[in-house]
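Structures follow.
Common to both upcoming complexes is chain A, partnered first by chain B, then by chain C.
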Partner chain A sequence: MLAYLARRLAWGVVTVIGVLLFLFVLFFTLATPDDIARKAVGEKAPQAVLDQWKLNHGYDKPRFWNPESPGDTMLAEHFRRMLTFDFGNSDADDTPIGARLRSGAGPSLAFTLPLFVAGLALGISLSLFVAFFRDTYIDRMGTVLAVLAMSVSMLLYIIGVQFLLGKLLRWFPISGFDYSPDVMIRFLAMPVIVGLLAGIGGDLRFFRTVFVEESGRDYVRTARAKGCGEGRIMGRHVLRNSLIPILTNVVMAIPFLFTGSLLLESFFGIPGLGSITVDAVNANDFATLRVVVYIDSLLFIAGQIATDFSYTLADPRVRFG
Partner chain B sequence: MPLHIWINGAVALFVLGAAVATWRLRRNALWREAGRELWRRRPLALAFVALYSALALCDSISWIDAEGTGVREPRSLLVRAFPVDFQEASYSAPLADVEFYGGQPLQHPGAHWLGTDILGRDVLLQALRGARVALLVGGLTSLIAIPLALLFGVAAGYRGGWLDDLVLFLISVLFAMPGLLLLIALIMALGRGPVQVCVALGVTGWVSFARLARGETLKLRELDYVQAARALGVSELRIIVRHVVPNLMHLVVITFVLMFSSLVLTEAVLAWLGLGIDGSWGQMIDRARDELSRDPIIWWNLTAASAALFGLILAVNLVGDAVRDILDPRTLRERA
Partner chain C sequence: MKRRLGAVAFAAALALSACSNDPYPDADDSRAIFYTVFDDPPKTLDPQVAYSVIDHSVIGNVYDTLLQYHYLKRPYTLMPGLLEEIPRAEPQPDGRVAYTLRLRRDLRFHEDPCFERSSPGSRTRDVTAADVAFAFARIGDPAVDSPVLETLVKISGMREFGENLTKRRKEDASFAALRIDRQYAEIGGIAGVRVASPRELVLVLDEPYPQIRFWLAMPFTSPVPWEAVAWYDGHEGRELFAEHPVGTGPFRLTRYEKRSRIVMEREPSWYGARDPGAPGTVYPTDGEPSDVADGYLDPARVGKPLPFLERIEFRREKEDIPAFTKFLQGYYDLSGIPQESFDRMVHEGALSPEMSAQGMRLAKAVGADIYYIGFNMDDPTVGAPAGERGRKLRQAMSLVADTVEFERLFTNGRGIPAQSPLPPGIFGYDPDYRNPYRKVDPTRAAQLLAEAGYPGGIDPSTGQALRLSFDTPATDTRSLLTFQFWVGEWRRLGLDVQIAATSYNQFQDKVRRGAFQIFQYGWVADYPDPENFLFLLWSGMARTKNGGPNTANYQDPRYDALFEQMKARDDDPERLRLIGEMRAILERDCPWIPLFHREGFALYQAWVAPPKPVGMAFAVDKYRQVDPTLRTELRAAWNQPIRWPAYALAIATVAVVLPGIATWRRERA
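== the complex of A and B ==
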């Protein structure tokens, strides 16, 4: 177990280094510091202004090799900053990136956590229901509805819900955010509804497949032969044995949750990480974008390692040698 | 040479390639059977996909008129189906005779079935032209991603050793970066444009299929007929081309169809970030966003683009489900 833990962690570290290398290739060689500076100061700016901008934002060093002092390169600087979480300032408005991200984490979490929990609960209970009635018209209708729900663009869900609930019915404020809990709930209701709508189709289909497959197994027949009720079979035997594929799916959904919230946050004016990313894209702020990708990859890798361990909790047969 | 001639050439090559591929597949009894089964199950969805493809094809073939007609830029077959200079000054409602604001008489009264947008362009024509962009996003990206995934996945699975480690490393690095963010970063670094968007989508899209192809190759490598071929001294490349890759083709088809709709939907999201492809439905939806807050609201732009997008995605999703049921050996076993 300990050896497995060590191996898993080592692989995680190697992956992080790979991510950092990839980011370097992306932001220092594909888009060179000159390109980035040009975008910031404008196409027609004189060379002196360009050089000054590069100096101010730390893009002035040699990229790979510095003959005078070998450690003083962009590559080394990139790794040093990322690994010590010293992210420096934004390319666009010179505010510290670290502080902005910390201020965005709270609102992001306040939005994604309820969405995540509600989505999981809704997805599992709906698909258990549909799987319970497998091969009846309820099941077929559920599958058709899931495909329909999956075929609608996220943009349309956002625009539609905002228009219907916000503008026509005036149930919720159209967009905004507030830190006091009872006002926050009113602001977060619509983005959570949109998130649920957009996610439910895929979840329903995936969970249903897992449940239906699991309910064809021998142990289910045995339980039924012993007189176990259908509700108990679904709720205890099938649900528990379906946990492994569901767990994998749940962790894989975490980064998708983030990308989903990218759209939702900026549409509904939630000042979270998603909004920061969108602002960075619109302002050609490469420094912030780099950090956001890095942080999200770190979270994902940590999540992956966590799932591998959660397997051991969910399934006593899984033991790592 | 002007751009539109290159595009015409590429389209001709693509159609030729598709025809050859279809002809070769039809000679194989298993594929012919699968095709027939698909047609039996989803005739309507297939017809829809064909309709969208025909629209995209019509919009891809273009040429410049001879001197004297007054139009200098190349016009596609689809654009030619509409009158020359099919344009108004600004918004007009579907089938209206006058402009939406101001009530000026239109140049083509009652001819804009779905109205016009803010610049006075016909919405129906724009919605139809979106098919080309959508098929470009789905098609070109798959042409980039699937061969890449096959190359890496099969090589890693078949050779093993350091190559396998390297590919697994690449896969886990790309997989660790959240899809949409990686896409945004790639497009920001590569620059904006249709080819760049497709390359970025391809780079982010090949990973999961490469994983699948690697796993399948690991299994195939141990099968008797591959062992037999190896014992007979067949070269490695030939084993891969003749014995391994053909047995991955059903996965290629399933992946292609399932990937397609998510690619088109992702492009819509990118369009909203200002990173999309010109003329896509995503762009139309994005532009229509604040039209809903006008009073009276302008709904035809959004409706047309969303309906066109929804129709294509739904048809492809339905075909994709059927394709998976027909080709996936796991469900085949369950049915038997």
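== the complex of A and C ==
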């Protein structure tokens, strides 16, 4: 168990270092420090102002190798900051990055969490229902609708839902955000609905397959032979035993609830982490962007390890080793 | 079971009937609130650093400037702001020039806890000349990163001040730990910025630079209290000064969630409220002759104390479509027109009847800018080394570049075709001037090309079409199409112009090294003076030599001499004559093909008093007026729900679900 965990963590560290290195090289082949400075200070700023900005922000150092003092390079500084979680200030507006990301996690969670819970509940109950009536009208219609829902792009859902609920029925404001909970609900209803529509098709197909496969197993026949009701069979036996493949899918998604959604946040005006990421890309803000990618990679590794653990909880037969 | 279902349906219906699309459920509709949008968040609210439009749209309301522009007069005209009068140049015996800046009486900073540091128990204090000097010192402080430092090094001792500061900070840690105003004082401040009395500041420039007046009309030189800079340092839970402005302006910042919402409220302590009649504190009584007909001199506004608004609400909209939908619902007062809605909104340059019927109106503003195609004048083929041949080649290429057709295809017909670098609204702009090389004349172009030694576009040395490269900073399809348009025009002459598309960053690098032939660029004015446009072709600003904005690397001794004379003069007939002479040189030499001056179309609602279009980024919010009663009425009328799609959707759902229920019953039985 411990050995497994250690191995997993070691691989995680290697992955993170790779990500950081890749990020550094990729970014500086796309944008020179001059470009970052120009974006920050303004298009018209003369070279002397750009040079001063680079000096003030540590972009005047050699990138990879400094013959005079080997530790004093941008690459070394990059690793030092990331590994010590001392993220520093944004290139775009000189404000602390850590505080900004913390302020973005709240708005992101405010809609990803309800979306996650509702999506899971809806996905599991609908697919149980469909699987229960397999090979009937309900199942076939469910499949048709699910495939249809999967085929439509997120952008179309956004525009469609904004048009129907915001523009015609006028139930909800088109976009916006507010920190007081009673007002926030009005703004978050539409992004949650869009998220549900966009996600439900895939979930329904996947969960249904799992349930149908599970309900063909011997123990289900045994339960039925003992006189167990169909509802009880589905709800108790099938659902429990189907958890493993579902967990793989679900636990992996949990860490990313913090990072929000690039598209939904942009269109619905939610000031979350997705929105912050898009801003950083637009502003050539390397300092912020690298932190976002770094945290994403950490979350990914955390998600993988959490998934492995959740197996042991769901299925006593699974053991590490 | 049935009763329970009914109760659920009733509760749902009740919940939905309480729903509305109003994005401001808490707002007081009777107040004069102005609702508008921003897309990218402000970078900084530090007046000495901020340089972008959105930054200035906040700063311009919170900080007053020393001078300001007249709201209605064109060409743009300066008038006093925090100063009592526009300072005059006082030539000194040693060739330097001094300006005396005299502050108005009774100016006070907005109330803020930071003032407790200088005078315990007090939350505000008077503005003094020292606060203006402090602003100049901040521009000169290399650690502040002010983008205008290089322009203002003309102030005596500015450069030395920065160098001394950096040196002392590096050598002496105890100096670097001093409070910021003490650091500035310790090294003696800037030699050319002298506080003569609490209300008088003397500014000394090393050389005549009349354009300094325009910098006094920008927030860069707005007075700033040292207390705010020292206190708001981001430590121990305090905000940063760049996020917490402390100014003197007509509005104060009350909410700064810069990724979603920015709110400013009218400031009762503004000097205009205590001292009505000062310039810019009441709505102007005079303007251009056309202003009466256009409704800008409506008696309901003229002479009334400013600001009219009680509150300004900026909401963030990153995407055009949601923003525009909210405008059409009445939730924004002002809006641009998204590309995809343009044809629905505007017909032949006027607002569509459908929109006019709702009371919306269209405002067109010509930007103080110039977009142009430039030639690299150092290039052996298209530039100065090619002499007369190169000149004729450039003239020929200019004669086939059809701006009107370009605008029809790409900008929905928006933009004023340019004849020279100077846009409307700038001294020296002549609406009747026609550049003979800017009309479309393919015959004359072909003739010039033959005279240049490229008959039919054929380069005799290769026997093939003359091959030129058009360096562009964009790789997306839409921008490439716009560049391809010009290439197509030149192909009609037989020229083979190849687009060299690179990333913006690589393009910048090529420009810096002078490794290009033809490029397209734009320039937006910092201040409304012809100098700010004509210096783009002055050899002192050549890009490859001096890193300046003369990207074409144009050099002409006669133009340079005229420029030197022109820039130091006031707006008089002689200056006009000099500008005409410079224009004639550019016309013949053709280092640029002037394309157009941008034209912005904006829609505003029936309840907004007509705003005079402004092509420059200066603060106009204090002149805005809204009628909240009319807004409430129209919003209610425009936002009646259209329910049939919901019924249609419900019927479709029932149609899908019913057979399912039948199946369910059968299976259970």
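Please note the rule applied: the second predicted complex is superposed on the first by the 285 of 321 C-alpha atoms of A that agree within 3 Å, B and C clash if a C-alpha of one lies under 4 Å from a C-alpha of the other, contacts with A are read in each partner's own complex, and residues count from 1 in each chain.
Here is the rule we use: a residue touches a chain if its C-beta (ideal position, glycine included) is under 8 Å from a C-beta of that chain, and two chains touch if they have at least 3 such contacts.
Fair warning: this is a prediction, and the values are worked out from it, not measured in the lab.
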Discussion item. Contacts for A:64 in the overlay, against chain B (first) and chain C (second): which applies, first, second, both or neither?
Written reply: neither
Worksheet item: So, does A:56 touch the first partner chain B, the second partner chain C, both, or neither?
Response: second
Worksheet item: So, A:85: does it touch chain B (first), chain C (second), both, or neither?
Response: neither
Practice prompt. Go through the superposed model and pick first if A:153 touches only chain B, second if only chain C, both, or neither.
Written response: first
Discussion item. Taking the superposition on A as described, I'd like to know which of chain B and chain C A:30 touches: first, second, both or neither.
Written reply: both
Item to complete: Quick one: classify A:276 as touching chain B (first), chain C (second), both or neither.
Response: second
Discussion item. After the superposition on A, what does A:219 contact: first (chain B), second (chain C), both or neither?
Written reply: neither
Worksheet item: Regarding the shared-chain residue A:18, is it in contact with chain B (first), chain C (second), both, or neither?
Response: first
Worksheet item: Counting only touches as set out at the top, which of chain B and chain C does A:167 meet: first, second, both, neither?
Response: both
Discussion item. Can you give me the overlap between the chain B contact set and the chain C contact set on chain A?
Written reply: 30-31, 159, 167, 278, 282
Practice prompt. Quick one: which bits of chain B touch chain A in the complex? Just the residue numbers, please.
Written response: 169-170, 172-174, 176-182, 184-186, 188-190, 261, 265, 268-269, 272-275, 282, 285-286, 288-289, 292-293, 302, 306, 309-310, 313-314, 317-318, 321
Worksheet item: Where on chain A is chain B touching in the complex?
Response: 11, 14-16, 18-19, 21-23, 26-27, 30-31, 147-148, 150-156, 159, 163, 167, 255-256, 258-259, 262-263, 277-278, 281-282, 284, 286, 289-290, 292-293, 296-297, 300-301, 304
Worksheet, complete the sentence: chain A contacts chain C in the complex at 30-32, 34-35, 38, 40-42, 44-49, 52-53, 55-56, 92-96, 104, 107, 133, 136-138, 141, 145, 159, 162, 164, 166-177, 179, 183, 186-187, 266-271, 275-276, 278-279, 282-283
Worksheet item: Considering the complex alone, what residue numbers of chain C touch chain A?
Response: 16, 19-23, 25-26, 40-44, 51-52, 142-143, 145-147, 149-150, 234, 240, 242-243, 257, 259-261, 315-319, 321-323, 325-326, 329, 331, 503-505, 508-509, 526, 547-549, 639-643, 645-646, 649, 656, 659-660, 662-664, 667
